[in-house]
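Chain lettering (A, B, C, D, E and F) follows the sequence in which the chains are written, and residue indices restart at 1 in each chain.
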Amino acid sequence: MMDIKRVISTIEKNYIKNNLKKGERIDGRGLWEYRKFKITTNTIASAEGSADVSLGDTKMITGVKYDIGEPFPDLPNKGVCTVMAELLPLASPLFERGPPDEESIELARVVDRGIRHADCIQTQKLCIKEEKAVYILFVDMYVINHGGNMIDCGGVSALGALISSRIPKGEWTEDGPKWTGEYFKGKELINELPLPITFGKISDIIFLDPSLPEELVIDGRITISVTEKEITSIQKSGTATFTREEIKILGEKAFENAKKIRKDLDFWQYANNSN
Amino acid sequence: MTLLIQDEYPKKLLREDGLRLDGRGLTDLRPIKMEVDVIKNADGSAYIEWGNNKIFASVYGPREVHPHHLAKPDRGILRVFYRMATYSVFERKRPAPGRREKEISLVISECLEPVLFLELYPGTSFEIFIEVIDADGGTRCASTTVAALALADAGIPMRSLVSSCAVGKVDGQLITDLSGIEDKAGDSDMPVAMTWFNDEISLLQFDGKMNQEEMDKSLDMAKDALENVYQMQLEALKKKYIQIQEGI
Amino acid sequence: MTLLIQDEYPKKLLREDGLRLDGRGLTDLRPIKMEVDVIKNADGSAYIEWGNNKIFASVYGPREVHPHHLAKPDRGILRVFYRMATYSVFERKRPAPGRREKEISLVISECLEPVLFLELYPGTSFEIFIEVIDADGGTRCASTTVAALALADAGIPMRSLVSSCAVGKVDGQLITDLSGIEDKAGDSDMPVAMTWFNDEISLLQFDGKMNQEEMDKSLDMAKDALENVYQMQLEALKKKYIQIQEGI
Amino acid sequence: MMDIKRVISTIEKNYIKNNLKKGERIDGRGLWEYRKFKITTNTIASAEGSADVSLGDTKMITGVKYDIGEPFPDLPNKGVCTVMAELLPLASPLFERGPPDEESIELARVVDRGIRHADCIQTQKLCIKEEKAVYILFVDMYVINHGGNMIDCGGVSALGALISSRIPKGEWTEDGPKWTGEYFKGKELINELPLPITFGKISDIIFLDPSLPEELVIDGRITISVTEKEITSIQKSGTATFTREEIKILGEKAFENAKKIRKDLDFWQYANNSN
Amino acid sequence: MMDIKRVISTIEKNYIKNNLKKGERIDGRGLWEYRKFKITTNTIASAEGSADVSLGDTKMITGVKYDIGEPFPDLPNKGVCTVMAELLPLASPLFERGPPDEESIELARVVDRGIRHADCIQTQKLCIKEEKAVYILFVDMYVINHGGNMIDCGGVSALGALISSRIPKGEWTEDGPKWTGEYFKGKELINELPLPITFGKISDIIFLDPSLPEELVIDGRITISVTEKEITSIQKSGTATFTREEIKILGEKAFENAKKIRKDLDFWQYANNSN
Amino acid sequence: MTLLIQDEYPKKLLREDGLRLDGRGLTDLRPIKMEVDVIKNADGSAYIEWGNNKIFASVYGPREVHPHHLAKPDRGILRVFYRMATYSVFERKRPAPGRREKEISLVISECLEPVLFLELYPGTSFEIFIEVIDADGGTRCASTTVAALALADAGIPMRSLVSSCAVGKVDGQLITDLSGIEDKAGDSDMPVAMTWFNDEISLLQFDGKMNQEEMDKSLDMAKDALENVYQMQLEALKKKYIQIQEGI
């Protein structure tokens, strides 16, 4: 969130800032208005599950792959799910080549934490043999176009890819894990649908779902991941500070918006029913 | 540990009826779909579906060279970054770019450079970013093809388009446009690209075994396939300009 | 191979008498000791013992930015490097900084920046180096707290100090200042920091599960704890200036 | 092939270019004339096989080492041979320190592909126990002086090192692989002798075996690896383009030159017959 | 020892130099005078052993951790001890972030070699099961303030951390190594107490225990590690050269000073006697 | 997995007749061959065979420093890059330079620098590249010796040559010029180098166990060996100039 601020002109920035401070957004949205999601699943033949998700101009393609490995010693009967993000230089002149930078690490981590702490995935189902063999699920997010609020888009794309996935079922034999011929379906693995909801802040104005130009001028943002009833993670970033009252209100707004998105997208329709 | 299901290849790649496993005749191309202007932030972009391959390409430039010391005082430079998504292949690819990706990047770059007028852009660079999100054989050819489209979409002056396709040999027979299985289990693979402004070959690699006669025949088959690919590229560009004119 | 002894966690984190395993009440802080001016070469430094956490922080700056291209013409930059010693944790940490360390560095940096007047130092940088030599839960809060002290010790103008402490939930109960065991085996962890010049929250992270009501209550508990931490920071600074005045 | 073009002066470059375009080479060779190879084998006591090869001013020392490892799952009874190249900064002011650059990767890959696709090595002999233990042969090429056309020199040096090698023979026991006390000899492992033959192109002039000064001015080059009867790999590099007719002619030239080199060098004389 | 020379002013450097050449040191010490050590052990709860050591303004905190691994094939019944050093950027404006530089590698290596060649550690006691499982001890030194002569300070801190350590005792079972419930104590593992003694040289003046300002102006230094009766390692660094006579005298000086330090610090008092 | 044949060392390194395993007496050097001007592209170069060690060295400079920030305004810099080929040792070395190679590079650099007049070359660098293609004990001494020759071959002004050789202890006896086996299985190893312009020791490392008396004796033995090495270096240089004069 630092160097990229240079990309749009100072005049443009001031225009966006001044309007925001008056409560007006350059794309005409109200402060508490969310952009539309578009989602298609199972677009990648090589992946076990996948989702192609757009939120306004932001476009992300997420795939699920798996491997079999040893469990962590302290969780001998639980599989593992890891989330990775790549901000492809394809997607924006702001993204540079090279190893993952702070922004992509943050994207992956916030989505990961939302999922992990919501008990989103029934990791005990991802065990083939206690202490010996568990599944490692890789949820890898690739940003194809950056139009702002990658985190919320990432959260939806991760869920879409997981729900649409289909993973070979293994059983333990003397020679190690073997395929039973059947598959797990994503919907059998998913407990809860945690959704990250992100707010931007500039001076004392707070607003929902920042677009890219807005992200370039804000002081900071806060993401609150929620399931139907509980907050499962919070991440504040940038140099904005918040009052306790603001945090409380944003919690309520997060529940409200997540409920609406959950209803609009109707995630379970993307379950992969093929055998 | 290994994955539960092995990535196995059949013994025979041609069916009893002489057709290929996916039903194609020996010189048939797989279904190909192309579209330009698909990534809003890019100066130019394109998307291709070629069989099960799905590939995005975007172009940025001419712009300042970063890092500076790569800049050339007398001409622009072209840099190509070909990458594969982790989930684009059977066994998850590691996220960091491997040697193969760097090598293919160089091959594509050298193949496209002849059509550009880099001498007109001293001190600047053009970057082409290619992301393979689903792979099934022939990604370097499909990537070259879609990258040429993205350059055209960016409005960068070009001597001509570049088209690319592989030919090869399976079960002793010469074939056009190898699928993933044919590439891995077959005998020979030869990606070819042509620069249309001079009708010459600007990408040529070969691995396998062919005698001189087979090589000559393969080059002829490649020429035929490339002409088809070229027409599809022109169509994709035309569609965009029609849309612009129609104000869609 | 694994270590001989496993790092195991108890099933229950609250005792029958309602107190915590280390004997603390639900809202009690662990013992905390702070000291400033502990590293002679640094422009400012501080040391904190917070329960079993032991952490050094030192500040260098304003100084030339290295590498140069990170410098900003209109303001100074703040960079925080949070690191853990290999021996600071149960299972030896690899020496190279990991993603977690980079992420915490960023979080601390963004949390401290609001109290600095970086606009007064164009083209320069402040670096805060934090070394955790013994870790037992809550290192990012203790690090933020000791880093703020080191900044003050360096005599760098600040709008206010920053104080930090975690709140969380174990066995269904909200508690203040989680220990290592409570952090790993508990349900929820929420590090909070406040910038005292505006009484606002400048660091807020949460992982776990809380409903809205618990969240509200947690924020109130955090406020109480932070006020205690703040007093201890002021004491540590006072002690140094008394020593200076007394000519020790 | 980019930055190194700066090393010789513009005047010198133009001189070489203009002469080449007239069909004249600065070292007096004809366009289709190859430089002389010199080869000595078994010069490195620590290596299982080695060759010290010169082609004009180009000098390369290649060694063969081995290790025992698990086979690839899809080739459970086949050993592995990998080729690596280092363009030592010792060898030329054009070479830089650091991880392998494009040119050394290309050198290794072209030599490797020539070998691999010619079935040069009988990899099934390099299996100690199916699925458990196979040989990994390392063919490591070090460029000691760079005088142009490293690829062809590398191809010859790899063959020389392999043919002269002597590898401890292993058998499978309960405790893993053990030495039988005997050795494989390189000649028992080699099927075919693939040789890379490289051509340079500048404008529409094509010529054989480019020297270093020529490499600094050409538009591109093409390497065709051939066994006695078959082409086993082709690699075009640089921005030169070729007509189909040119490619066909170069194929014939490659067979012709490889035949001559094979006869001149008489590779089998380097077989290591010591026990 | 190169770039850091720039940090103090030329005037200051010349002052230090000129005084040294007259046999006078800026901190008032005589040429053969050593600074005082301060040592506290067992300060790090998470480490198996630890020592917080100061030598003048130099402060270092060293911890011991362990892991279980396979032994080296040529030493099947011996554990391994590795020494690592980090010159934290916290500790001096001269230290930079990033992978270990020459100076930290040298610090670790010289301390390591002093220990290794003195048979300081009874590595055969660090074996759980021949060929299968041995201890790997990690002695990791972190420099908290750099006041010169880090090597001697490191030598003392490594011994302090080792002697104060307490390592779970393992036994071999069918399921691998298991804890017996008991501990090794550092003192049972230590044979000898090798101490590095470092001298600086500028022009033809040699002196003991260089401070940081002195290190910034000297031509070179030499470290001689000694046990009670034997020299166990020598490391000369920098561009100073020494006569054979000087080396002989410095050997004697090293024995003399090490004897004094050994007596002053009385290392065995730091043995960890808790169970 | 491990190699089929283990790299094993004998129990005793001295034979019943008091000679060493390779038949040498205690203070004998191994056979040594040196040659200068062996790498055409280099400004200076040399090759040494010392027992089974085979080592090339080449020198480039004075030339522009790359990267620039290493340049010193008041003097030239010397950089040495010592590397071992993967196949130069019993068990294949990894291709990337390891810590040991970096450490030896530094040691050789510090040992050669005293004979150069770097103050005459402000802002430039000299690079010495050393490649060990076959190793059998004592590579750092042989490398120092051959690097000094390459510097002389490059015509770079020097105060004197530098010669290097190891002494050590096996089976309780002091010996000169340890072979690979003697180095690995012996008790002590001490590489020494001398700068002849001042007759002083410019490289000195020691690992093992020696009492003061043995150390003194070792230094005397080293001096004798170094004088022999020095004569051979002079011979190698002389041979080249004779060839030049004879117009060969």
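Heads up, the rule we're going with is that a contact is a pair of C-beta atoms (placed from the backbone, for glycine too) under 8 Å apart; a residue touches a chain by one contact, two chains touch by 3 or more.
Keep in mind that this is a model prediction, so the values were computed, not measured.
Between subunit A and subunit E, the least number of touching-chain steps is 2.
Bringing subunit C onto subunit F by least-squares fit of CA atoms involves turning it by 120°, to the nearest 5. Comparing E-F with the candidates A-B, D-F or A-C, the pair whose contacts agree for more than half of the residue-numbered pairs is A-C. Here the spacing of subunit C and subunit E, counted between their Cα centres, is 31 Å.
Computed centre separation for the pair subunit B/subunit D is 28 angstrom, with centres defined by C-alpha atoms. If you average the CA atoms of subunit C and of subunit D, the two centres end up 58 Å from each other. In subunit F, the residues that reach two or more other chains under the touch definition are 2. None of the residues of subunit E touches two or more other chains. Taken as a contact graph, with one node per protein chain and an edge wherever two chains touch, the assembly forms a single closed ring in which every chain touches exactly two others.
Around the ring, the chains sit in the order A, C, E, F, D, B, counting from subunit A and moving first to subunit C. For subunit A in complex with subunit B, the touching residues are 43-48, 50, 57, 59, 61, 63-70, 84, 86, 88-93, 96-97, 99-100, 133, 138, 140, 142, 144-147, 168-170, 176-179. Residues 73-74, 102, 105-106, 109, 113, 116-118, 220, 222, 227, 229-239, 241-244, 247-248, 251-252, 255 of subunit E are the ones touching subunit F in the complex. Residues of subunit B touching subunit D in their complex: 2, 6-9, 99, 102-103, 106-107, 110, 113-114, 188, 190, 195, 198-212, 215-216, 219-220, 223. By the touch rule above, subunit C contacts subunit E in their complex via residues 1-5, 39-42, 45, 52, 54, 56-58, 60, 63, 66, 81, 83, 85-90, 92, 95-96, 127, 129-131, 133-136.
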